[in-house]
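I am attaching a structure below and will ask some questions about it afterwards.
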């Protein structure tokens, strides 16, 4: 299958086959909603490199295959789950495990503290759809593309989290998404509602548990009310055959604080779309990213910070280490709307190119319509500093150790932003193993 | 709104002193574009057949192309059938001396302060001038002095006849006709421009300059400049542009091609002061320009410096193809948008040769309702070992209705490259203004001083006589922006 | 300990060292003095094995081995220590991490047991006291935000920890005020014994008031033009480099 039209048709047929059994399909507005999303998907199709936002990322690895949603009525095969491998050592969390995008309650722990409500998206759509209807109504279509619409049209499951007013979550909520390979399609859709003054950590983690291609097309919406503070983690460690398109879209009310860390170590083709719309006075958003790639990995981080109200601040730092034939893409857009005076927005993207065949395309953007602002962006592409390398060698450290040490040091300021210690420890050891392997 | 902001918003009473019209009989083609028009232009210029065919080929390619829409610009579509593609003041075809030039034309240049008389000097320096009025060159000065040095400096229409081989070899070699919509249009209908050839080892004895003047109504200007610097030569070239104040928009779609051979250096400076339109955005020039240079040989250098204060719309990306090893590309730009002006300008630096270096310094100033975008590409190809780029893009905002945007692209395919990009956006601080005023300066002088300081890195790249003009121009363009 | 014979070296194709001869025996301290651009720092860099410094002829024997044949880290593990004129800042790598990695690399090379965290910390505390370095500096990134004097003290701390056979101090005195100079000299003198050799590269005599050398050599134009004892340094201080260069030219 090669043509765009054919592959679009393929998913449309799959939708029609599955539609009847999708959660909440009995509710009229949901049915209509899905239908309109599908028709929009059919019009837009998958994005191509002719579109400015996709000029450096071809989705051929996705469109050249036929991925299909799994039948969730079957129980999870016992050999799929291995807690030693799949859990983060020492991490105490409220954990929800999804296999190919469908929540598996047997592997999960949905019993958090008072004031916090965690439910599967399927349950919410079936049992209390009206509670989330207005979030669906508010959706904007102008910035969506084929993947967004595909997810909206036939996502089967995901999670709805509501952090009540002034709740301080004691443990992180960990959403663990496992891909079982076999050209499976997982389309989780998550909604996180952080009520006034609450505080919590939420982690999305993606792993492959079997060999073989898979497509994860996820969409998470995070709504932060006045003064809410959410620390968000997107941890990607899928196999070298897995493709992933991830959206994390935040809407921030006044004085809220959204902080997202994206760590990408695995995956064949990964596209991350992080957006924050700061609509209330004095909101703050951080986006920290780290990608360490090898083989033929292609990772595209696409971020948007919209300063839509006065006095908002944002800080963005992405660091990349590119080995072998890997390719990194960074697109960082900062938009300061007309009324957003006293904006402070800083962004930087630094890349280490460690191999002859690695490539980076970076495209920071500032769009500024207010005058009392302090905005800056910086981008650098370079190599390991020779002088530092020599210095370390004169202290008796071997060249290869010195190289990994300096590479590690390069990404250290992003790692230091990780406030969940067991996760940080795990990532540090994964990174150092990877750096050693690459030499 | 604070008092300073109020003062900043009253930025409107700009005077465009070059906005007069010269009353002269002109031979102007009726509006419209088709193959016949192209044949007429070619015939009027008495061109060889190869050039006519080249124009027609470009026209056919153009018919298949679409207007580019990716720039951060908003304007009503231009009706290209409503424009005249040729207009020339009526006078004898070939002029032997300045005495034969229509005095009204000479007066025009006099009024613009451009020395078309060899006895006159510009800011104390002798400069060779090619004065282009609508579709034709009126006069070229210092031809004799230059030819003694072996330098060819003449209108392109003359070069086509006198040096057909050189023109044939280089025309369209850097900017192919099919490069983009406007370059294709230009290739089909280009009317005039300058041709420069600097032979091997020659350092051009004086600054060369071309002054472009749009005068006629409803006329587009499509000039085309070609500069070839042979091995180890040097030339500094200046370009200036003005147009009358008119209520309708006028199109200017130029192409400039630079060729630098081994060890050669070309310094190309522009002060663009086309009519920007009035404070409500009525009228003004639509300036769609393709400028590109190729550093063909080892150790060659091309340096673009531009001060863009005019035009309603500016769409312009002077670029350098760094083909030679150790070649150097530079881009220094000041772009100012006031009132309803919009600019989308920047550069492309394509690193192909080893050890090639590029520097980009861009200063954008937005005032009134102006929208100013920097758009740039730094591309390092696989074979470009040890390529180096440094880019700095700063924006200054004056008033709360303007916009400043930065769209840099970096595509790096060689791991030995070091590429750095920095961008900042800020405004003139009230504390800075207050400080200056407390020291006795008027607010307007203080703004002018701060803006000039902001642009200093670019102005210092301009030839002396241009730098003075550029500073004055910036002052005039910002007039009324405060107090 | 070290034997340099007719050493010629170029940097970017330009010959800087034009035939250096120098013998350093165990326990000796040699001061190498000379005007700017004479090749002092080049000699230090060549001995440490820096890239871009190409040895075109001559030999350097260190403890019966060909020094020039060794990688920089092997030289370090074999006991050659260079205190940098401009110590490098390495953001993201903590000082303590570097020190531990370095000492363990040396110990492992010698076939000795690597230090565990506890014994390392004990050792480093003791060495830090020697150069009066506060604990907090150990946990900052390598030389990150250190003052000039703190960077130089950090170099001496590394030297004290690694206990090299041959230390090359490249303009360690430059940029130091008198108090910092005394601290540095104290650290260096504490390491002095009859087995350890040192080469002090310096522009000024001042350092030699605190670290007294056995020999003084004057380097100019890439060769040693005069050697003597510490009185030569005093004579130089008094008469300036012009004096000795003109003498050399006359000869």
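Quick notes
In this document, chain identifiers A, B and C correspond to the written order of the chains, with residue numbering beginning at 1 in each.
Simple rule for what comes next: a contact is a pair of C-beta atoms (placed from the backbone, for glycine too) under 8 Å apart; a residue touches a chain by one contact, two chains touch by 3 or more.
These figures come from a predicted structure and were not determined experimentally.
For this structure, the chains sharing the highest number of C-beta contacts are A-B. When every chain is reduced to the mean of its CA atoms, the largest separation from subunit C belongs to B.
The distance from the centre of subunit A to the centre of subunit C, with each centre set as the mean of the Cα atoms, comes to 50 Å. One simple way to say how far apart two chains are is to compare their mean CA positions; for subunit B and subunit C this gives 57 Å.
Put simply, the C-alpha centre of subunit A and that of subunit B have 44 angstrom between them. The set of subunit A residues touching two or more other chains is empty. Under the contact definition stated at the top, not a single residue of subunit B touches 2 or more other chains.
In subunit C, no residue touches at least two other chains. Residues of subunit C that touch subunit A in their complex: 48-51, 71-73, 75-77, 81-82, 84, 87-88, 90-93, 97-98, 101-103, 105-106, 109, 141, 158, 162. Residue ranges of subunit B in contact with subunit A, taken from their complex: 70, 72, 395, 397-427.
Considering their complex, residues 52, 56, 338, 341, 351, 353-356, 358-383 of subunit A touch subunit B.
Residues 385-388, 390-399, 401-402, 405-406, 408-413 of subunit A touch subunit C in their complex.
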